[in-house]
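Two complexes are shown next, each including chain A; its partner changes from chain B in the first to chain C in the second.
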Partner chain A sequence: MIPGIGNLTQDTLWCFSQVKGTIDIGVTEADIISTVEFNHTGELLATGDKGGRVVIFQREQESKNQLHRRGEYNVYSTFQSHEPEFDYLKSLEIEEKINKIRWLPQQNAAYFLLSTNDKTVKLWKVSERDKRPEGYNLKDEDGRLRDPATITTLRVPVLRPMDLMVEATPRRVFANAHTYHINSISVNSDYETYMSADDLRINLWNFEITNQSFNIVDIKPANMEELTEVITAAEFHPLHCNTFVYSSSKGTIRLCDMRASALCDRHTKFFEEPEDPSNRSFFSEIISSISDVKFSHSGRYIMTRDYLTVKVWDLNMENRPIETYQVHDYLRSKLCSLYENDCIFDKFECVWNGSDSVIMTGSYNNFFRMFDRNTKRDVTLEASRENSKPRAILKPRKVCVGGKRRKDEISVDSLDFSKKILHTAWHPSENIIAVAATNNLYIFQDKVN
Partner chain B sequence: MFARGIKRKCFDGEEDIEGTLAGFKSVPSYNLQRQSLLDMSLVKLQLCHMLVEPNLCRSVLIANTVRQIQEEMTQDGTWQVINAQNTGQASLDRLVSSDILCRSTKEQGEGKLVPSYSSFSKDFEDIQSQDIISDLSTVASVQAPRNPQSNVWEMENPQENRGNFQKSLDQIFETLENKNPNSVEDLFSDVDNSYYDLDTVLTGMMSNTKMGHCDVLESFSSQTTTNSNSNCKSDINELDHIVEILVES
Partner chain C sequence: MLCKGVKRKREEEEEEELTSQDWWLEEATPSPSSEEGAGPAPLPPSSLFNLSIFKLHHGLRRGEPDLRHLVLVVNTLRRIQSSMALEPSAPEPPCPAPADPFPVVPDTPLCTSVSALLDDLSHIEGLSDTQTAFPEDAPLSRPPDPGLDPGRPAPLGSLELLLEDGLEGLFDDIDTSMYDCELWPNLKTDSGETEDKIQGPGLDVSELDYLMDVIVGTQTL
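Now for the complex of A and B:
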């Protein structure tokens, strides 16, 4: 596999780097990781979990002493982003689970990110404090006010170093704009606006304004009984601030231009692949439902993930994708069982590498897959504690479909469907990936020679 | 979570079966499997009501699947119109264990599995229809997600021998009839009763998010007039409680 940057033609070897999280067999539901995202430089890696917490890891500076070790990610900040809420009108709980985290580009010393649960988006500021002022005149070191009558001299407060403290403060709360569950947020390339999408509507926000948002897409039918399609994901174009896409549960993608009208119910482009009649079954629609849509870094392509495949579409061609990759086609004959245990509704995400040459997505049994778009080669790797020795090279895994099972292969019936890799992230410029396996976060890097 | 290894095989070769069928679908197991899928889907729609708002995408996909099956069955002529009054008890037959999926047709008493989904099909076409509510209250109350949920999932447990279909049916009746009114009330006293009617469930998952406080009151009042079991009293109490909260705020 061709590495992200570079001209080597040999396959990339992926090595274990780190794993975060406990090894306990009984997993606390709150610790299950629900989103993973690198920031724009790759210096920071954020995770959100079902308990509403955000943990940010920071890459340490590469030291000259350890030439063979790339910078490791260590905990930088942990904070509670969302709390569970109760909607009294509907007698329903609002989960605190963090559905998505998106970073803003860095504009000053502080870091900003958006985090969202089902109903509320929050803008968090993460900043460092390593100095504090000492020597105030009107208050003493404990903060108690001094009696002005006792002050006989004046001094200038000085900044003294202190232990590094990383603070996270909520700067904006964008609430009460979504009737349905938010599935996506996306920061616009103008860095002034962002969108939030729920099952039926997409809203446009200005970062500075929390009590108003513009509704730009609304697919709610007048009569809810006629509802047959929902929005599953949405994203802004990385370069054109007027363009965004959203995907649906019927396997379609719509590209919209906000210059065309205020309410973008009429799409500019409509991407749909004609159905293959030979593969038709009662589950056809369910497996065509798109669980994730991502623009390439170049903005020329979009990638979509449905239950069994990943597809790459050229923005200039609407009638079919230009590339289709089978993630785990051996599940096609198991769809009924997967429908019964609800696995067929699992929403897998997909990611591009920095140069848009390799795409990655997760599967079951803690397997994840990478597809090289140039060489057309693919690999299946596993995130497991067994492969957790430092710099251990990950061995490609193979699923045996039928007939004779070879020694290292695993048969389809032995796959563990409770171990699913739904969330992964790829460093923006290097071959470093973060893979969320239930409550553990694995970090893998390519082999450094 | 789920045990390693999914052993179910039946229905998974469905594409082959579909290919050999023409017109009326002469292979009995296809109808059986389709029926089971329909049953499973309906159970899923009802069981998706928990404390947290159900996943709308999942509900829509399941509902679309049900519609698709219903359309096909209508075209086949296997969708029989049966007097809705008689389906009160018989509808419980439709809660077929998913083990049926893997059972050979020989073991099945074909007579038991005559489709009688007219009441359910009416739901999808006219969900707001009030006259369906009372017919389905017997069925719907089985679906109460708390206690009987374990019964429903037990039915689908492949470990136990479910060869005796009647046995699982008896379990449902037992749950319903052996509970005295008081204990049922206690069981459900802190749960929103409006979710126990099938049509409210189906409407609710589609449209509960659009209910303003007026609609909430309406649905509660429709509950109190048509709900025939002992939960009537608790409904009225809950209605008063809700009104109190709204008036005070």
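Now for the complex of A and C:
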């Protein structure tokens, strides 16, 4: 079977691989995972949490003796990326929660990633050290400085092996450029620039320059009383370094070309689906608000997630999506209650698999959904400790929307809305997925035949 | 269908508001309904309006409001308000009502909600001290937004947009006849009153200005 490609329900059986995190009943707020991201090779998997920490897992080398078992992910590095801050001018606390992590392509032995909270983006270098120099001339073995007058001979320091140490150092801090909360960062395909987007503005940065950025989108109205729409997500095209998209709280997507003008307030393309009059309600706008937008790896499609659906758009067709997938349409009749308890404002992410043939997104009750774009089949799986035996095959779940409930189905009213899968990630080339369930990270793999 | 209402005492209102507050602030998120197969009792638009006002109020009380949440709630409020302004004589269907997208509600909860919101402003701590200078972009380069100068008449902000005819008519007279069981053919639509006047006998409009300062001030962060 070609990795990353497969008929979803016939060939791909998903198995439990690992779970990271505590099994305590009480959840510490700081441990809640807020972002998950594989690097470009899939060797590393990074998570960020509400406590401002980043944990990087590394896939171990596959053992020749255990061909049936794919490499597991083990902790590689842990560091505190952001600390809580206090904005003295506004008397406001700035949360340390990591909103997004994005990896840079690897160009040397070190790994680089961007992490951001609401206000500040940081570039981290994660590097290994397994040797250390010994035999300094000016320092003795304990590190104390030697009196130069006592040095009578010179020697060349030699490198000696040491225990592997992984260190993370902040190489750049991009601060003071966002008045509003940063919701997205995206590395450009030129690998020299990246963008950061907040509720009303998008800024373009050069990795080498931290004291200024270019503002490329500004939707802040002159009179804030006229504010009716905010930016919810943004991403660069994977191949064209001049193109990016951003989504809005009104369910629209704008594609912009930076060659057209310095300030990309005028879009090149505008994607919006007309509202279905039969589904119109007070909550129409809220549920149309796009929570995530992702280019396909090919760059030909974009995928958007709103509250109830995932949509795939062809860049060449603006007036409607080419595919719409219902994530949990049984919630449509519950919108009042979901508005009351604020669940209607939850921001779910969505991801493509490596070949752009399958898309995945999360739901409630620790359910997550996969849609095969070719076969049009879909499956609901659950991230649960109960299914956490090694290589246990995940059983598809089903939500009963009415009538007689079958034995293994769960009724809509029994769903746990506090267990939400907001963040997921898919390995760039293999059928390995990472699913964040509150403070636990589940890793699932397809069954290797 | 309207029924005869009883004007609740102020203490009861506060108690109910506090209870509601606690429930909405709870971490555990209950499922919408315990009845299998049946949806929860849908909220009438007036209750939705009250709920939205509460969310707006609660969102503004946070240190730094979530702008997306705020905008979505305000836009929802606008939708509800515009539907409430239509067809004053039509009965009140449950929500959501796709067949009748513009259900009608009486004006009573509108007054009650906004009044309750203004009353609650006295409990907002420290906002007046913090909403003074909001440098934007380069933090130290721009002067504070002049709209926040308390000496200047504050724009009405979002609430004005919610109530097409302005707020002055709302506070002119809290008509207790609203609690009688009859449709209001003489609905106060504030005709002839301009948006600029915010007068109300016995009403402290400075509190209203303060609310507007808070809303506009928050939005100019």
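Here is the rule we use: the second predicted complex is superposed on the first by the 440 of 449 C-alpha atoms of A that agree within 3 Å, B and C clash if a C-alpha of one lies under 4 Å from a C-alpha of the other, contacts with A are read in each partner's own complex, and residues count from 1 in each chain.
Please note the rule applied: a residue touches a chain if its C-beta (ideal position, glycine included) is under 8 Å from a C-beta of that chain, and two chains touch if they have at least 3 such contacts.
Quick caveat: nothing in here was measured; it's all calculated off a predicted structure.
Per the definitions stated earlier, placing chain B and chain C onto a shared chain A by superposition produces a clash between them.
Legend: residue contacts after superposition of the two complexes on their common chain; A:269 is shown touching neither chain B nor chain C.
By the touch criterion defined above, A:176 reaches chain C but does not reach chain B.
With both structures placed on the common chain, the touch criterion links A:199 to chain B and to chain C.
Once chain A of one complex is fitted onto chain A of the other, the partner contacts of A:88 are limited to chain B, with no touch recorded for chain C. Using the contact criterion defined above for the overlaid structures, shared-chain residue A:405 touches chain C, although it does not reach chain B.
Contacts of A:240 after superposition: neither chain B nor chain C is touched. On chain A, the surface patch touched by chain B in one complex and by chain C in the other comprises residues 89-94, 179-181, 199-200, 224-225, 227-230, 232, 249, 278-283, 285-286, 289, 333-343, 345, 413-418. Residues 24, 27-37, 39-40, 42-43, 45, 48, 51, 55, 63-64, 66-69, 71-72, 74-76, 79-80, 83, 95-98, 101, 126, 129-130, 133-139, 155-158, 160-161, 216, 219-221 of chain C are the ones that touch chain A when the two sit in their complex.
Those residues of chain A whose C-beta lies close enough to touch chain C in the complex are 89-94, 176, 179-181, 199-200, 223-225, 227-230, 232, 249, 277-283, 285-286, 289, 333-343, 345, 402-403, 405, 411-418. Within the complex formed with chain A, the residues of chain B that make contact are 1-2, 4-8, 10-15, 18, 34, 37, 40, 44, 51-53, 55-58, 60-61, 63-65, 68-69, 98, 101, 127, 156, 192, 203, 206-211, 213, 216, 245. Chain A meets chain B in the complex at residues 88-95, 118, 179-181, 199-200, 224-225, 227-230, 232, 249, 278-283, 285-286, 289, 333-343, 345, 413-418.
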